[in-house]
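Next come two complexes built around chain A: one with chain B, the other with chain C.
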Partner chain A sequence: MRVEYINPFVEAAFDILKEVLGDEVQRGELYLKSTSQAVMGVAAFVGLAGNVEGRVLFDMTMETAIAIASEMNDETLTTLDDLGKATITELANMITAQAVTKLHDLGFTFDLTPPAIFTGENMEITDNEVEALIVPVITKQGKIEINVAVRERT
Partner chain B sequence: MKTKMDFPSINERKPDGQGDGGQAYKVLIVDDSMFVKKQISQILTSEGFEVVGTAGDGLEGLEKYKELYPDVDFVTMDITMPKMDGISSLEKILEFDKEAKVIMVSALGKQDLVKKALMIGAKNYIVKPLDRVKVLERVLQSIK
Partner chain C sequence: MNAVSDSTITAVVENIDFKMVAFSLAGKDYSIDIMKVREISKANRFTYVPNSLPYVKGVYNLRGDIISIIDLRTMFNLPTVQSDRGQPDEIIILRLDDYLIGVIVDSIDKVVGISSQTIQPPHPIFGDINIKFIQGVVEKDERLYIILDVESIFGQEADVAPVVSAGYTAAERYTENKTEEFNMGFIAETLRTFSKYNVTDLNNRWVDKRFEEWKKIKGSSSEVLQLHSEADSAEFLSVFYSTDTGRFWSKEYRNVVSSLFDNSYGGTIRVWNPGCGKGYETYSIAALLSEEFSDASIKIWANDKDLMAISNAPNLVPDKQSLPEYMDKHIVAVNTRHQFNQKIKDIILFEYHDITHPNTFPEVDIIVARDVLSFLGYSDQLRMIAEFQEKLKPGGLLIIGENEELVSDDWKVIKSANNTAYRKKV
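Let's look at the complex of A and B:
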């Protein structure tokens, strides 16, 4: 997978997270996975379809999701209720919308699916015939892994 | 001795969400995200605006507008929504009331759709993530 696909998502995540959390965020080491990967507990999933196809996952623990949703709502949430899920969905929405603009400017064209949220224990994701690039982003509320698996349509 | 009378002006500012007669401007919020609805609602009510209705998609937004009319001063309208998107809803609201003041709410990256909405007759637009100051500024520009 070409690295230029993931950079717009990482840049957008940085911009948006800094703005909505009002704090600095740090970037961890990029890594590549070609087999099944564990999902941490809360994953916002966005599909891409066009001349680039695949999916993007924003993966975090339940604690991180609750802490981020609490910060964005300016109130303490104790569970990831409907409001919490709507908040994480909106976060994924804002990041992907901004990333897509950057990718469109680079000449890639594709549409996005609305984000879906998966929650649960012991989940994993397997991508057939496409490897995933993962960039951890560290916030005060915890780590979010931006997990991108896309390929050019042949 | 200083009394409250020495500082009368700061705390007595009229909230931006109220007209000259002290009446609150009435808003209909159309957005499929519970989070965004809550955010817009908090920003506007904190400045004295009155949320007279909310809707979760463009079709419901259109129906609510017709129901509320003429007791609604402006609408905040998301663009990407199920059933009926914000641009179609804007068109239909303007067909019903050509004076309607509709402010589009969009994630960065939907410039083409925002442009289209402005061409059709939206009064202004707000980009997410929402910034309190910018939201109030854009809303006030649109309704005054």
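Let's look at the complex of A and C:
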């Protein structure tokens, strides 16, 4: 993945999560992955188009999703209901949008697709041709793995 | 089963100049050049050899000669059939360079004589067997025979075999002298642990040489020879790196590289620079190409999997002192800092990327991968060399580390000082 793209995504994830959760968040080691990977339970998905093609995936466990949705809505949710799903979707949208705005300032124009959310047990995501950058973010509510797979159009 | 039928040999066809032994395997007809076949035999109860490759059935005593027996079905990943117990297998004994090898086939058909002119080259869509192993296809009496290229099949075997002992090749070569073997094996092992440096065919000539030097510097007792830490390992490798690694290329080195180019590039020049590190090498290539080929549109893909190294590469601030004079013209001052001009920056695309993952960009004219392969595991090295071969246009240029070499006939060596360079055979 183009080096210039990395920071905007990492920064956006931090800024937004810190803001919505009102607490410190920590970063895990960034790494690259190309094989298919297991999805922890809840995955919010935003597609990217424009100069590039790709997608951003926010992956977390059901417990983390519920805890984050509870925190953001300032109420205690027990299941990931419609409100909870909408909250996680919105979170994905906010982070991706801020990253794309930062990238726009650097001269890269992307568009995003409306976010979608996947929930379920034992899911796996595979896109063989694109290598994904994994940005693990550790919050008080649990770990979120932001999985960015973007490539230049050639 | 008419193993060798006289009638077919004498069948009158004009210009029969190529005879082959036909056999069947999984319902298809194959053949092997008769000149490679020593004899045909039936046997079973081979002596199993532990820890051998899956397609090696075992060894067999052929009138005093011990030969290896290969199961062609397993080797070609065709479904295996449970053979009737006690029913001997059909074996073709092949005579290759200086050894014999037996291959098990389903059934041996006959000897077929054809005219070598009627052999057609293999078509890429033959599914079951890798096309490299097929010499050609020929039609005879309404049957299609696939002629196997036994040299490349079993020659290949020798190349593939070391995978099993990945990285230990250097150690294994020291068999005469036990202590030496131990020391060298230990060095290979520690280089891998401390520096992720893998001693293989690619670099063992250099490692041998360096080991001799090392003995002179350190003395010959095992204790002092060994590499005890990352620092020792780095010291051992300190003279491995190619000219001008980790800095901008000097004028002299720039001119050496420049002399490797041919002038046949079209309007576009595409370059792949895996393992670009902090980007000094990439900027040197960009400067060089934009000077030499000012009209061409140049594109360089530079990758590294070390995020810390590559993250500053797009905005590298060249230190005036380390910058060779010839590069001055590519530098502009932004505020108080110096930077490469937009033209150079637009040429390069720095990517945080692991080259052992899929590489998705198109074919390239030049690959500069100095001192990159040695730091990959043995099987990744082989895979990357194959990928270089695939990604380069015919006649394309490959530059690897000064102290590395490719052991393969696929490449044409270009003689040059301070460089190991190859051209892909057209």
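In the analysis below, the second predicted complex is superposed on the first by the 153 of 154 C-alpha atoms of A that agree within 3 Å, B and C clash if a C-alpha of one lies under 4 Å from a C-alpha of the other, contacts with A are read in each partner's own complex, and residues count from 1 in each chain.
The rule is short, and it goes like this: a contact is a pair of C-beta atoms (placed from the backbone, for glycine too) under 8 Å apart; a residue touches a chain by one contact, two chains touch by 3 or more.
On a predicted model such as this, the values are computed, not experimentally measured, just so you know.
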Partner chain in contact with A:131 - chain B first, chain C second, else both or neither: second
Touched partner set for A:77, first chain B, second chain C, both or neither: neither
Which superposed partner A:146 touches (first chain B, second chain C, both, neither): neither
Chain B versus chain C as contact partner of A:2, first or second or both or neither: second
Which superposed partner A:30 touches (first chain B, second chain C, both, neither): second
Touched partner set for A:40, first chain B, second chain C, both or neither: neither
Chain B versus chain C as contact partner of A:65, first or second or both or neither: neither
Which of chain B and chain C A:89 touches, first, second, both or neither: first
Common ground on chain A, meaning residues reached by chain C in one complex and by chain B in the other: none
Chain C residues touching chain A - in the complex, by the definition given at the top: 305, 307, 310-311, 313-314, 349-354, 357-358, 360-362
Parts of chain A lying in touch with chain C, wherever the complex brings them together: 1-4, 6-7, 30, 32, 34, 128-131, 133, 151-152, 154
Residue ranges of chain B touching chain A (in the complex, touch as defined): 33-36, 38-39, 80, 107-111, 128-129, 131
Chain A - residues contacting chain B, complex: 16, 19-20, 72-73, 82-83, 86-87, 89-90, 93-94, 97-101, 114
